[in-house]
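Chain IDs A, B, C and D follow the sequence of writing; residue 1 opens each chain.
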Amino acid sequence: MLSYANALLETMDGGLAAHPNAFIMGQGVDDFKGIFGSVTDLAKKYGSQRVFDVPLMEEGMTGIAIGAALVGDYPITTHIRADFSFLAMNQILNLASKYHYMFGGIMSCPMLIRLVVGRSWGQGAQHSQSPQATFAHYPGLTVIMPATSQAIVDMYPQIINRHRGPVISIEHRLLYNLDFSVSDSGKRVPLTSYVAREGRDVTVVATSVMVVEALRAAQYVQEKAGIEAEIIDLNSISHPDWDLVAESVRKTGRLVIADTSWLEYGVAAEVCRQLVLRDPGLLRSPPSMLGMAPAPCPTAKSLEDIYYPSQHETVDAILTQVRGVGHDIALPTEKSMTEGYRRFRGPF
Amino acid sequence: MLSYANALLETMDGGLAAHPNAFIMGQGVDDFKGIFGSVTDLAKKYGSQRVFDVPLMEEGMTGIAIGAALVGDYPITTHIRADFSFLAMNQILNLASKYHYMFGGIMSCPMLIRLVVGRSWGQGAQHSQSPQATFAHYPGLTVIMPATSQAIVDMYPQIINRHRGPVISIEHRLLYNLDFSVSDSGKRVPLTSYVAREGRDVTVVATSVMVVEALRAAQYVQEKAGIEAEIIDLNSISHPDWDLVAESVRKTGRLVIADTSWLEYGVAAEVCRQLVLRDPGLLRSPPSMLGMAPAPCPTAKSLEDIYYPSQHETVDAILTQVRGVGHDIALPTEKSMTEGYRRFRGPF
Amino acid sequence: MNDRDELYRRLFRTSLLIRLVEERVIELYPSDRIQSPVHLSIGQEAVAVGVCDALRADDLVFATYRSHAFYVAKGGRLDAMFAELYGRMGGVSKGKAGSMHLSAPEVGLMGSSAVVASTIPHAVGAAHSFKRRSDSRIAIAVFGDGATEEGVYHECLNFAALMKVPVLFICEDNGLAVHSHRPVRQSYTLQKHAATFGIASRRLDEGWDMLAVREATMAAAAKVRAGEPFVLEIATSRYKEHVGTGEDFHFGYRTSDDTDAWKRRDPLIIDQQLVESLRPELECEIAEAVAFAERSPSPGRAELLTDII
Amino acid sequence: MNDRDELYRRLFRTSLLIRLVEERVIELYPSDRIQSPVHLSIGQEAVAVGVCDALRADDLVFATYRSHAFYVAKGGRLDAMFAELYGRMGGVSKGKAGSMHLSAPEVGLMGSSAVVASTIPHAVGAAHSFKRRSDSRIAIAVFGDGATEEGVYHECLNFAALMKVPVLFICEDNGLAVHSHRPVRQSYTLQKHAATFGIASRRLDEGWDMLAVREATMAAAAKVRAGEPFVLEIATSRYKEHVGTGEDFHFGYRTSDDTDAWKRRDPLIIDQQLVESLRPELECEIAEAVAFAERSPSPGRAELLTDII
């Protein structure tokens, strides 16, 4: 078993060890909290040339990373909340994502930008955003959302070793403390989507922490109703395996989409586009969609709990797809997904 | 007939005249080019307190606008290319869009942010982006794309007079020099979508300059093939009239989506989501989608011409929807949509 | 009691109120009734109190996530604050804001943002509007030392100087941004930096001294009201961890020496007699506010989608 | 011919080449063979030439949309440039870049961006890498006076000073940002501003003088190579409109007086004898480059979706 935070720490360590030109910069990367444990003590191990704190300067830091990448270094930058990357949007969207194409292939910016999505314990409107759709709209970026330690162990070394373009990795704070089994098979999943659980009754396309939620829900509906949900971890937001998704939906005819952001102009929208592009007949009925409520994130616990899809709702969505509205299967008692992470109270 | 630029000038003038607290700031708003003619001479008319140039400071300027709005002023800011608004993304997404909700309704930021989308004559990767989907993903923003002078005349006074939140208006540079007939009926179209042309055979959902393109194409297919295309000007990207879209598709069973940005995670995706949410059976076959090719915008004319959907392709999309692939109706000879704007060579 | 004594007592009372409020927050925190990150100002109270007392009641303050002190000092209602921290309907913002986003527009606290440096331009914009409307109010941007590293600070100083905006920039210099000390983050000093924009400034090292803060602010505010921006940097000391209610000396990034030196001059620690004479009344106020919060209902589903646009 | 004469001749030759190249662009423009915005450096050539001549060939320059001059001065191929302006396969970037995004990594021009100030941090980042790798190269950020208003400039100076990054900041001060004069945009002077970060700087008013620019750059580059950032501000004059190939004096935002004074000192105007002696050879070079561009095929559909990631 390997926690998500430790998977990050291992791959960060491995990246620095394997690549003399790799370095990590971000606010607080050399402090005792070590970006929630994902880079702890690496500054001591590799020195302040390789792992260093920076002033508050998101736009500048990202540009500095691009400059380093242009001369052959491999920069890794961190934002303890994805929301802060909006200060670096110009460098990410106008520069990093464009450089390779705009210069006809003679420039490259291989780099990894790590964003942590906040959730629960009153993160509020400015510490809770999950901007995968925003980034994935822009060609030139590779956007991933590792949902498990395995995804990190599989992808990060490959990204640092071989990927030639800028990668935005959106990590979820609630995953950091979870343990996952990891197979050391050395297999390298490409940066795309995969089936996290097989099933024949309904397809659940999920991202990030919602994959974990969907797996819990799948277990529940299997036990209570013998329903077999197939769960696809989208994993890559910019380059998912849409055929995999379409095949699954062709098989099940039913769809639940569970994402960490807003549904409007979000991942759910692109999933629908890809399906109707292939065949509008794939779906037997309207899909169910789970995401943040269409509002900024409220701080109050009572609102936060209904702002995010609960385990209750995830289960209900699956049941409703398979058995129809008004199914009479009992829902799980734990109402809020955050109950599953009851212990999350910081550190922030 | 009123040109788009003059419609802007009229409504900017009207806004300043009606509201002593309204003001316009942006780089070059007081110069002789006057943001492509949309604010020309207003600095002279209203003085430098009301219409003023600012240094290069997109983030700062947007924050200053928010501060002014918080104390009851009505700020209008300009970006001569939408791409530059990425430098202000933090203030737009983290602050302006959140303030009303985050403070439980006791703060408001009524303000208008005008972005001009560049296209053709080698604007290249950094002067050509059209970020409607990016903004519309974030609750709290109202995002519009006026496609005609009428849309401006109808919406801008209403926004400046009555709208209590931040509005992002995405104007298209290629529209500025076009003339449109405008009815002075005093009717106030709400900030939503409307039918730009009625038809029974196929629905075209379009945004901005693509509405104009779709209207040209509709005329062509009517003349050559007797096909009646219904064209819906989405107009509001954040709050479209999805029922209007769904009803039209229910009637025609066929759909073309024509947007000014990338299709991936873009307007086309949200249109599909809204349709399948209502009824996956609405569509008889996969829709056709027109948008920017999935790459940064190339500068070379030969590539730019195929990067954007041409009139040729718009017509073909409509014909293919109605008559199927391999229809034998001749396509228009003008291949590139930009041929229609052959004279556009700046000013930039 | 002479004027000076009375003034001192007033400032002391508000400072103590802030400290007791935050100590109450610390006590409450383990009960999970305040379910959100809290950034305490314990040690920094004198800045908020001295600054706000020097302002006109209708001057506007724009603050940060570390905003309890400014909220109280500016005169925000205590019950609405606790209810807000509790995430309840009786809160300033019906619980939607929480600790990081206190505001009290009725007394001139125009919002607090959890994004560092992000309200600085708001103060500039509000002040610029005042000037345009010949309104004699001024606006105050409150921010930490770390905030001055963000590019927007540079943009704001330039604009404020160019347009002669009546804005007062108040930097609460606690020497830390999370766990990073100022020298590893800044190659400049605030005063010389401000001077390059032609902006007058002052640094006050005695940030524990409410009267000194008040006087420095009065002098600065007078200049600002006369039509010039001003940068006032006030040294201060954060006793607690960056976020949360604990201490953090055992983590090794700083020692208690820094804060100990400060504590030896902290009136709220030194003047125990005054503390004890005021405490009962203030604790009573706080108890009422907490009781209000406890009674206040949580926002329900109807609130989830209201006030978005 | 002594060394100094030879040097002068070399610099003059490159300056003239740039001017003739851009004059050729002006001639070609009405034919619509160059279908993109062009930002000419006519009047500003001495800056690019003096700076680049002072650098080591392997030092890296990061530039702006106004990049023809630096492209040529750094030694970029003329044929690849014209083909790029034409949007042809023979262009540096197969026509995908165009005039606003010239680059020539093989001679150290590491890109040009149409977003003001956006390549400044790239130079800082590259230089920082050099330092980390004990590589003796330096990086040069080239930008206009307007670019210094963007917050990122402040962030970059702070970082460069803190980390002692071997980066040379070159500000081409033509006094204008589009049609806005510097005093309405800036409340600071670059040198005092740089000094607040502890960064050494110099302003050179004689930006028409290639030799002076070269010497100033050599001195600055030596300091940078020794391990310190440096800001070198060079006054210059933009003869043509901001974007496009015409003049713009009739629009009233400036008069020809400013440029006339400059032209009276412009070696490319004064030293007609040298111009005429060099012109035939240079025009021949240019003609060949243009011919290359004319012959070069346009990129086809296969290019549309290549090189995205």
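The definition used in the following text is that contacts are C-beta pairs under 8 Å (C-beta built on N, C-alpha and C of every residue); 3 or more make two chains touch, one makes a residue touch a chain.
Keep in mind that what you see is a predicted model, and the values were worked out from it rather than measured.
Asker: Quick one: which chains contact chain A and chain C both?
Answerer: Where chain A and chain C share a partner, that partner set is B, D.
Asker: Between chain C and chain D, what distance separates the C-alpha centroids? Give it in angstrom.
Answerer: Those two chain centres are 46 Å apart.
Asker: Where the CA atoms of chain A average out and where those of chain D average out, how many Å apart are those spots?
Answerer: One centre to the other, that is 41 Å.
Asker: Just the number, please: Cα centre separation of chain B and chain D in whole Å.
Answerer: That pair's centroid distance is 35 Å.
Asker: Indicate the whole-number Å distance between the mean C-alpha point of chain A and the mean C-alpha point of chain B.
Answerer: Each chain reduced to its C-alpha mean, chain A and chain B end up 31 Å apart.
Asker: Could you tell me which residues belong to chain D and also touch two or more other chains?
Answerer: Counting only residues that touch two or more other chains, chain D contributes 91, 94-97, 101, 113, 115, 149-152, 155, 158, 162, 184-186, 308.
Asker: Identify all positions of chain A at which a residue touches two or more other chains, and write them in rising order.
Answerer: 55, 57, 59-60, 83, 87, 90, 94, 101-102, 124-126, 139-140, 294-296, 298
Asker: Once you've mapped the touching chain pairs, tell me: line, ring, star, complete or other?
Answerer: Graph shape, chains as nodes and touching pairs as edges: complete.
Asker: Give the list of chain A residues in touch with chain D in this complex.
Answerer: 21, 23, 49-50, 54-55, 57, 59-73, 75, 90-91, 94-95, 99-107, 139-140, 142, 163-165
Asker: Over in the complex, which chain C residues touch chain A? Could you list them?
Answerer: These residues of chain C touch chain A: 32, 35-37, 87-88, 91, 94-101, 113-117, 146-147, 149-151, 177-180, 184-186, 243-244, 251-253, 298-301, 303-305, 308.
Asker: Write out the stretch or stretches of chain B touching chain D in their complex.
Answerer: Those residues of chain B that touch chain D are 27-28, 31-33, 53, 55-60, 83-84, 87, 121-127, 293-296, 298-303, 306-307, 345-348.
Asker: For chain C, which residues count as touching chain B in their complex?
Answerer: These residues of chain C touch chain B: 60, 62, 91-97, 101, 103, 105, 110-111, 113, 115, 118-130, 132-133, 139, 151-152, 155-156, 158-159, 162, 306-309.
Asker: Enumerate the contact residues on chain A facing chain B in the complex.
Answerer: 59, 83, 86-87, 89-90, 93-94, 97-98, 101-102, 124-126, 129, 133-134, 136-140, 238, 261-273, 275-287, 289, 294-296, 298
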